Amino acid sequence: MRPDGVLPVELPDVVREALLAPLVDQSCHGVRRDDLTRARFETLLSETGVPAPPGTTHFDTPAGAAVRRWCAPVLDLPPHVPPAVYLARRAELGAAEVNRRLLGAAGIATFLFDDSAAPGGPEVLPPDEMGRTGGAGTVAVARIERAEEEVAASAVSAVAYVSALAQNLAARAARAVALKSVSAHRAGPHPDEARPSRGTVIAAAARRLARPGERLTDPVLLRHLLWTAVDVAREYGRPLQFHTGPTGSGTGFVVAVQPMGVPVVLLRCHPFHRRAAHLASTLPHVYVDVGAAPARGATGSATVMAELLESVPFHRQVFGSGGHGVAETCHLGALHYRRGLAGALAARLADGEWSVADAARVAQMIGSGNARRLYRL
Amino acid sequence: MRPDGVLPVELPDVVREALLAPLVDQSCHGVRRDDLTRARFETLLSETGVPAPPGTTHFDTPAGAAVRRWCAPVLDLPPHVPPAVYLARRAELGAAEVNRRLLGAAGIATFLFDDSAAPGGPEVLPPDEMGRTGGAGTVAVARIERAEEEVAASAVSAVAYVSALAQNLAARAARAVALKSVSAHRAGPHPDEARPSRGTVIAAAARRLARPGERLTDPVLLRHLLWTAVDVAREYGRPLQFHTGPTGSGTGFVVAVQPMGVPVVLLRCHPFHRRAAHLASTLPHVYVDVGAAPARGATGSATVMAELLESVPFHRQVFGSGGHGVAETCHLGALHYRRGLAGALAARLADGEWSVADAARVAQMIGSGNARRLYRL
Amino acid sequence: MRPDGVLPVELPDVVREALLAPLVDQSCHGVRRDDLTRARFETLLSETGVPAPPGTTHFDTPAGAAVRRWCAPVLDLPPHVPPAVYLARRAELGAAEVNRRLLGAAGIATFLFDDSAAPGGPEVLPPDEMGRTGGAGTVAVARIERAEEEVAASAVSAVAYVSALAQNLAARAARAVALKSVSAHRAGPHPDEARPSRGTVIAAAARRLARPGERLTDPVLLRHLLWTAVDVAREYGRPLQFHTGPTGSGTGFVVAVQPMGVPVVLLRCHPFHRRAAHLASTLPHVYVDVGAAPARGATGSATVMAELLESVPFHRQVFGSGGHGVAETCHLGALHYRRGLAGALAARLADGEWSVADAARVAQMIGSGNARRLYRL
């Protein structure tokens, strides 16, 4: 299925084709395959993860407005229908048909699937099924915190924890196209970027094994996990996907990784994408996920894309929908990326800053080419 | 008085009406009611709080340009008159008439008035008179640092300091629609967000009482003040208005407050409004004051409003003029908010992102509806 | 040579003339005068300072696209020629002619030249020759880290280090129009802004003299260097140019300098220019270099200039090309500044926010007037 009709501006054919070509989605999670109540749908749509406060609705958000505008027509409804009408139609079609339509119209060739989402219970589409539903292939991204949780639950000693962690990460890396971390920001605003010594790691692991079910917060073990992942990523030739926090925590670690030759991909940068862009402009191993930013931007997505195109080398921008929870998020991630980039390219063509061939080539690079090179797809 | 003629774009009638409807100004201070010298006027207009360096004038600022453009016509002058002409006309009309015109044309229904401004001396309009001058009602916001100063000046012991602080805050909360703090950024870039123990508070209070006239800078007492205010706010059902510093200090505290069920309103966010927007998008108890940002933005105010509409749920944005010092600031706060939101809404309508009803409803929510719900007006 | 034909919009003659008038470039470095290989040219063009990763080229960057678009016509080529064609023509003309064309067409009256660039080897144009090549005058800016390196290499004792540093800085200040620091961000994310005691400085200097060839990283000596420079700057009436890091390090120092009466000019602010703008809006001694920001922005440069005009007083914005390495960077710095400011002024005129005279005056102030006042040219 081709996402025709979503571009907001007239563009030369070659640019239009490059924008509408199938994408590599370098960051997505499983979406629900069961029918959802309004409360559940709203919570999944919201980044707060909780129901809307009394007197309010999560439909009164940028994401809610975008669902009504852009997803409604995919379900044969006019744009801007009230939330209740949208949800009634969603229930009428059933989740399977809704997912098939929304994921299919997203125009994605390959999903890079966060493997931590797999055990989301029977309500979440597993990777293969999500790929089939969207008419796409699926490859795995290994979340390193899952490796640590498994090891913390099973290691019989602190020494065994250390060796098992490296083995578990290696086994995951062998099956995945990238490693991914979501915990660096937990280590506090200015985590020491250096590798912790073996002695401090062993001591911290002993404390950790006494409370294996808890979320990992020990800064020594978080750093050990990150550096072990860097070693494994280097050995297997995998990039490391990485969340930075709103205060820029993790930045020192990104700098420290440079000599290791492991590419780092910064995820979910909006609204701090200018900081991510700065890192990418000064550090040759840093890539920026440009998808989640315009996904939120909607009408502002051309501005966000322009702010990225101003600073980040074009060969180090990669699309990711950031899809999660409901298929609408994946659909909107792809749609706003295409609309935002279309607007930014049109402005560059109108100003004479770029040639038509430049615009088409950059659209191809960000949409799929860079990801194919980086992840060896 | 209706602020007609200020919208920069054609809009459907229902959107136009929503934008021009009377506002709830959730953050303002008293303005001067005496006639002002040029030096005094310039200093009040500037955020630096000092006279302009030699060879320069504070009229060569965004605020100065806006006064000449937008306030001059309210005083029957053509736009862009030289500063000397503006100030001569201001003196000719007299401060009372100038305030009546500028505040009246701001189109504000209710001022939320920072009570710390009340004792600004005979030159500053007290709340009731400011309301009457602007044709508006007035309700109080209690600045918690004022409570602390009173208690520090009168408490006879450290133990009495602790109990008197809670009592003083409670008395203020009973008379106000919100509590407000301006001191969190003083606690340093990364204040520990936890409640300090009673023992450390008593010890710090003893030191404080030895130097009651000094500005409060002790991190333990600042945190104690904040947490006591949270307790009082919870008991009285009041939101807490809150300044965050340019480095994001205070962010940890905002996160820590979430379980208490006390709404937090982030003030004066520009040019860090994207950080505030991020907090609001991820934390359901966080509101963003959207007024002061476009007030400075002038021509850029539509961009600033767009950056807020991209991230912040629409039910958690509230207008505040940030008015202070001279009535021009209040007038321009309302004017640029309306112009900026008008521009952002027009872009969304032109792109087909929002329906006309959406645009009108969001304008009503941010301009007054959200504040009425939040502050129970 | 006049940079005609570079403005993207129609503007009243007086505004156009103000934009095209010769600039004072308050921040540039020497550029290469030898013929360059493609690898060397790409590395000099990139901010990473290293060759592009395999499979990529530094021409796929904002700077690379701008060279092909804007520098190619200066070398008699059509816009958007492939990199190989551009570099072949560059070699054909020879570096001397290329530099003469690109620097001349930049339309710069005076270069403020970072004196640390002087000993860049025979391949780098020295100040006087760069001025002649560009048809401009040249004055010096003294980099304080160079003074420290000289003193560390020659002082015979820690006590002598302290006195020699002050003398060396004074001698440089006498010959220069400003002092400049690039090291504050090395002192870590939150350098203590206070002056270190003489005792701690002597102790640190003794350690430093034991390893004089190393890069200065000692926080005590970095702070001592900065404060000594402030003293010298005050005595000689020189401003202090200053790099802030991406995490805002150095901000505390900027605040602490205020009572000294020494103007501070923030360099290379993009993409953190809104933080710089905030400092300048609240501190009367802070200036912002607005050149390097639009230089990177290209099509986005009008947005960047608008974000600066929203917050920074107009009398405290100064143009600097940030030129370094190759003449293309200097040419593009001036070109994108003029294009960006033209776009931002056109928007303000179209909205009726500013008068034509306002727009022309602000263009003159930022382009040269403020720098002439600040540096007493």
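So that you can tell them apart, the chains are marked A, B and C in the order they are listed, and the count of residues begins at 1 in each.
Note that in this section a contact is a pair of C-beta atoms (placed from the backbone, for glycine too) under 8 Å apart; a residue touches a chain by one contact, two chains touch by 3 or more.
Computed from a predicted structure; not experimentally measured.
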item	value
Proportion of interface numbers common to chain B and chain C (over half same, under half different)	different
Fitted rotation between chain A and its twin chain B in degrees, CA, nearest 5	120
Interchain centroid distance [CA atoms averaged], chain B/chain C, Å	36
Sites on chain B at which at least two other chains make contact	303
Sites on chain C touched by chain B in the complex	190, 248, 251, 274-275, 277-279, 281-285, 303, 306-307, 309-311, 313-316, 347-348, 351-355, 357-358, 362, 365, 373
Residue ranges of chain A touching chain B (in the complex, touch as defined)	8, 46-48, 50, 52-53, 55-58, 60-62, 65-66, 69, 79-80, 189, 246-247, 270-272, 296-300, 303-304
